[in-house]
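Just so it is clear, A, B, C and D label the chains in written order, and each chain counts residues from 1 on its own.
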Amino acid sequence: MAKFIDNVKSFVNTKILKKSHKRENIESSYVLETKALGITFGGLKAAQNVNLKIKKNQIYGLIGPNGAGKTTVFNLLTGVYQPTDGEFFLNGENLTGLPQDKINHKGIARTFQNIRLFNNMTVVRNVMVGLANQPEFKCNLFESIFRLPRHFKVEKAMREKAKELLRIFDLEDERNNLACNLPYGKQRKLEIARALATNPKLLLLDEPAAGMNPHETEDLVNTIKIIREKFDMTILLIEHDMKFVSGLCDEITVLNFGTVLAEGDTKAALNNPEVIKAYIGG
Amino acid sequence: MKFLETLINGFSIGGIYAMIALGYTMVYGIAKMLNFAHGDIIMVGAYVIILFLPINPVVSIIAAIVLCALLGITIEKIAYKPLRGASPLAVLITAIGVSYLLQSLAQIIFGPNPKSNNLFEKLFPKFLESHRGGIIAIGSFNIKLSTIITLACVALVMIGLTLFVKRTKIGRAMVAVSEDKGAAQLMGINVNKIIMITFAIGSALAALASTLMMLDGQTVNFTMGSLPGIKAFTAAVIGGIGSIPGAMLGGIVLGLIECFAQMAGLGDYAVAIEFSILIIVLLVKPTGILGKKRREKV
Amino acid sequence: MKIRVLALILSIVLCLGMVGMIASCGKTNYAENNTKIKIGASGPLTGGAAMYGIAVKNSAQLAVDEINAKGGLNGIMFELVMLDDKHDANNISTNYASLYEGGMQVSLGTVTTKPGLEFKGYANADNVFFLTPSATGDDIPEFANGYQMCFADSDQGTASANVFNKDYKGKKVGIFFKADDDYSVGIKNNFVKALDASFGTPVMASFTDATASSFTQQVSELKDCDVIFMPIYYDPAALFMKQGNGTVKADAIYYGCDGLDGIDAVDGFDIKSITQGVSYLSHFNSNTTEGAAKTYIDAYKAKYNDAPLNQFGAAAYDCVYAIYDAMKYATEKNGAEITVTIAPEDLCDILKSVFDSKDFQFRGITGAPEEDGKSIITWTDANGNATNGHVNKAPVSYTVKEVTSAQ
Amino acid sequence: MRKFVKNYLSYTVIGSLAIILTIMGAIGALPGTTLALLEQSAIAIVLAVSLNMVVGFLGELSLGHAGFMCIGAYVGGKLAVLLSSSLGGTNILTVILALIIGGLAAGLCGFIVGLPALRLRGDYLAIVTLAFGEIVKNIIENSEFFGSHTGLRTPDFTTNRSMRFMLFTIGAVVVLLTIFVIQNVIKSKHGRAITAIRDNEIAARATGINVTKYKLMGFVVSAVFAGLAGVLYSYSVQSIQAVTFDYNYSIEILVIVVLGGMTVNGSIISAVLITALNNILQTKLGGNIAVAKDLIYALVLILLVIYRNAPSLKTFREKYNLGNLWIKLIKPKNDPSKVGEDAVRWDVVPTKISMDEVLSTDVIIDTTGDNSADIGERGGNK
């Protein structure tokens, strides 16, 4: 019963009074900067004191054993969870506490560990969903319903843009297939394409190489490099495959049990004895 | 005094709702379907009792439980099993179809006349001689024997179900199927058998509910099931659908709301009050009072 | 290119269909191919109110069969066509159109009030005569072509209140009604209006379709009343009485309206098991043992065994006979010509003039019986003026059972 | 050609039928049975297409669609009653005003019902919509303003023989408007956002879709058209009775939508077929065999759903399928693996109505409280 009353209280606080955070921006030379970011689930510290500093155009790795809190950090950065401690900044702008769609508008896009596509929509439409919030594709409901010229113009432009994106990922031929009918590797690529369509400043990739064969992985490494160059993108990724990480990332942060174990240059961090211990055990 | 009386009345009606909701929630928790035909199984149970009542009241109750369990299994085999793995909406629509089917069959077989019953009189003839109307007077206030039986039955069934689910092999298999059908199958559980058993139990509980309704004096006709069906759905959701104690709690809450609305002279608005409370409960606690949250991992 | 071809084909097909349909229409008297006079009706044959509709259907069929067996109207036979409306007004537009275009010449309207409110408008537009057995709403005979065999709600409420004012002076009155039923609410409102001020405010308890499974709480509310007025149908009343036994005052009296008829015939409900008295004001008692009503009941039971038998059916039986008698009266006294293919509007005018005339007295089985066992039923008031379709017959207060002395 | 069939066939067919039937109605060539069927079909189409917006495209189960219709019918009907002394109850201006006001009132209620949808999932939302419908019905039937139990007497077209075809014509216009608006919403970026939420809400949020806005939009659009159907209904009956709009009515509409395969064109076809089926059963099976019609309807329902959805009948379906036959006839060159752009998978009804509550015996209330990671719950957070 007491718990029920607590529920009522929190409902009133969050839904009715809408207590909001005060957000102060900072001067920052980093694309992403987190300050003592952390979250607690009913006593369990899923992530704490995470301080990331990611420079522009960098590929940054977030690694750690299972349950280390990597995906939790992603969820914090995209607003899936609201952090209980700390703040994070995108190009100096404080995004802590914003809802997910607003964070995405500000410039953080992500993919998911277990692929989350819009399965009953065609490939090209998946990407067009991502494009919808671009200022150049603005078209309100009224214009869409009554099919004013702008609707057709925007739709055409969006489709072209989507095709262009798909071409980069070699998915153009599949564009009219349902997303769920794609093979696994292509589904991964489509997810990245959709994230890129939202025109992010920072791209978060959650285990992009999971479940891929070596050939596909190699292909993926190239794709990510192309993304960085072509879109001038900053990328933060989670990965287990050490070869993949060391071949791709400029810098990494190693997490274990929700805390930072090591960070900095990829080679140095991977050779850190703490890290080796955490991975090999003992 | 009036308050106490209303409270007792609320418990007596709520107990019946709770019994229906228990069966409903069992089927929901495992077969993952809104069984709109659950209420109509109650109706079938009631007719079976009426049919067998001239022989012996106890026999009629047992016959109702057995036949309803068999009916539940049959319906599951014919109407729901072919749709396993299909969209829940498709199953929902077949359940509605089954409900229509049972109702029209009942009208064809038993006719449209409402049938009252004397199950209570037949079960407790001696008691009725000493207590007019089956009422026990404690001091200045009266309680019906049927109310006591209802509450005792519901409590027993709830405890029994809880123990069954927690302690027995089949019960634990049920929880496993409920959590994850695929994984349960891999662990060697015969999912089809478990779902069949669930339907048998759920339908047997429906028969038990019809017994309680008839002890309370309920008139039997072929549409008697649709109202309890929707009430059970409401009760199960208030309590947290899938939760066995929640179903009982939800049923009793519903009964209390109804009776207190009546007491306050708002009987005409009973439905609006009931459902408004439901909405408020769900807004505060989106999974019902005792419902479990299922987290979606991102 | 293809689009044009498709559009062309489509429009040609549609035009052909249109021409065909226009060619086939243009007839106005749908009854011109009839071989029997068609009596149309709509009522609940399935769903929760089926027992009323089925009683009407059976009884009307019984009357039609009897009339035909006797040679019909100078050799003209009758036929009953009844469609199911599930007590839902939505089904009336289909039912009415289907009946009318199927050759209906005269109608029994609907069994219940809600669908009847739709039916009357259609019947008025086509000028079809209808005499409803049991749609009690005050507005049902609104138009000139609508007549009732049953008492209207307001009449029943007022008449019941008069009984109370006379017989139950000084007693504590309670009312148990169905809050989402216009029949029940209509009677209740008129009852309260006509009830003597000395009674004070009656204790009210109500139920709706959504709270009809148990009346325990309503029993608690009404347990101190001496007389409980129940303008409801017999099946919920039986539940209330059963649940109230032992809680409601042992010497209380339940008093109802015509809906309560049948209370002593509910399967499995032994009315003697309760101590309270039960009376109702109605036009028919389905357990009567005398008069023409008895003949009807015996014939009904012989033909339909244990199908629903209640005042709805009796009224329907009377309706068919009233229409038959009126036709007979018209041909014999007014010299009207009634053929088997008569257009409904022509038949309507003939019947209206008969029903509105003070000389036409129908002798039926509903209402207080005279010495010959039949009651006098007219649609004119004491002064001989037409009552706009409201029935004029003597109600009877039936006592189903007296108060049993407490054990 | 394919594009024409997809986009304009329904307009063409309904539009040309409407024009021809209106002419026939105006010269009195249509019998009442046909008119009744046409009116009912028009109302059923509007209801089905609008419910499909929520069930098919937004992917939420709604059992309270009749509630919106109820609001539309009563508000529009009452307005027509109020205007009948000045403008005339069946004046075309009154009809348009009633449609607008009735639709807006229903839309407002759609907004209110949409709010819990942000917080609740699947079946919990379903019961809230059901509750909404019942609350509306209960309040209206106790309200003197709306005529309480005897119903609200409204102006109607149906008892005026020479004007009756007008109702069908207005109905056809509303049907076309409904299809036009809903198809255009769906086939735009807004519609894509709505279907994206249906397919994967979490991904939709991460892709920058304002879930709150689009869910509410779905509910409001759907409710507005249900309200229009209500106003049409109020013109097709002489008095509106609240008891009509109970949850059984909502379920009937849901049945139409599901049998229609949750697409716009499917809903239209299924609405017409189900209405016609009911109509035929009702008029052909009267008297002693009336009870058989429920039996037939129930069997048709069960067999149809099993045939269309049973996973074990998949190969059978693919072999003997009218839809495929149609495709073979009109577009033989197309590769069957390529699916049209708005098409959804046929064997899987795309909805997020998943019923995944676990059977439990615990009485301990969830310990993680509101900080938990439950995604479905965070909807309204801002």
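By definition in this document, a residue touches a chain if its C-beta (ideal position, glycine included) is under 8 Å from a C-beta of that chain, and two chains touch if they have at least 3 such contacts.
Given the structure is predicted, the values throughout are model-derived calculations rather than measurements.
Enquirer: By CA centroids, point me to the most central chain in this structure.
Expert: Central by C-alpha mean position: chain D.
Enquirer: Looking across all chain pairs, point out the one with the most C-beta pairs in contact.
Expert: B-D
Enquirer: Taking each chain's centre as the mean of its CA atoms, how far is chain A from chain D in angstrom?
Expert: 38
Enquirer: How many Å are there between the centre of chain A and the centre of chain C, using C-alpha atoms for each centre?
Expert: Between these chains, centre-to-centre, one finds 70 Å.
Enquirer: Measuring from the mean C-alpha position of chain A to the mean C-alpha position of chain B, what distance in angstrom results?
Expert: 47
Enquirer: In chain C, what residues contact two or more other chains?
Expert: In chain C, residues 46, 50, 179-180, 208-210 touch at least two other chains, as defined above.
Enquirer: Do you know which chain D residues sit against two or more other chains?
Expert: In chain D, residues 119, 134, 138, 142, 202, 291, 294, 348, 365-366, 368, 372-373, 375 touch at least two other chains, as defined above.
Enquirer: Would you pick out the residues of chain A that each touch at least 2 other chains?
Expert: 4, 7, 11, 75, 80, 112
Enquirer: Mind pulling up the chain C residues that touch chain D in the complex?
Expert: Residue positions touching the partner: 2-3, 6-7, 10-11, 14-15, 17-18, 21-22, 25-26, 45-46, 50, 57, 80-84, 88-91, 93-98, 100-101, 114, 117-118, 120-122, 124-126, 137, 139, 179-182, 185-186, 208-210.
Enquirer: Within the complex, which stretch of chain D touches chain C?
Expert: Residues 1, 4, 12-13, 16-17, 20, 23-24, 27-33, 35-37, 39-40, 134, 138, 141-142, 148-151, 156, 158-161, 236-239, 241, 243-244, 279, 282-283, 285-288, 290-291, 293-294.
Enquirer: With touch defined as at the start, can you tell me which chain B residues reach chain C in the complex?
Expert: So the residues of chain B in touch with chain C come to 2, 5-6, 9-10, 12-13, 16, 50, 104, 107, 111-118, 121, 131-135, 142, 144, 147, 213, 216-219, 221, 223-224, 227-228, 231, 258-259, 262-263, 265, 267-268, 270-271, 274.
Enquirer: Going by the contact rule at the top, pick out the chain D residues touching chain B in the complex.
Expert: Touching chain B from chain D are residues 55, 61, 116, 119-121, 123-124, 126-128, 130-132, 134-135, 137-139, 142, 202, 247, 251, 254-255, 258-259, 291-292, 294-295, 297-299, 301-302, 305-306, 308-313, 347-349, 351, 353-363, 365-366, 368, 372-377.
Enquirer: List the residues on chain C that touch chain B in their complex, please.
Expert: Residue list for chain C touching chain B: 46-48, 50-51, 54, 179-180, 204-214, 216-218, 220-221, 235-236, 238-239, 242-243, 245-247, 250, 266-270, 273, 275, 306-308, 406-407.
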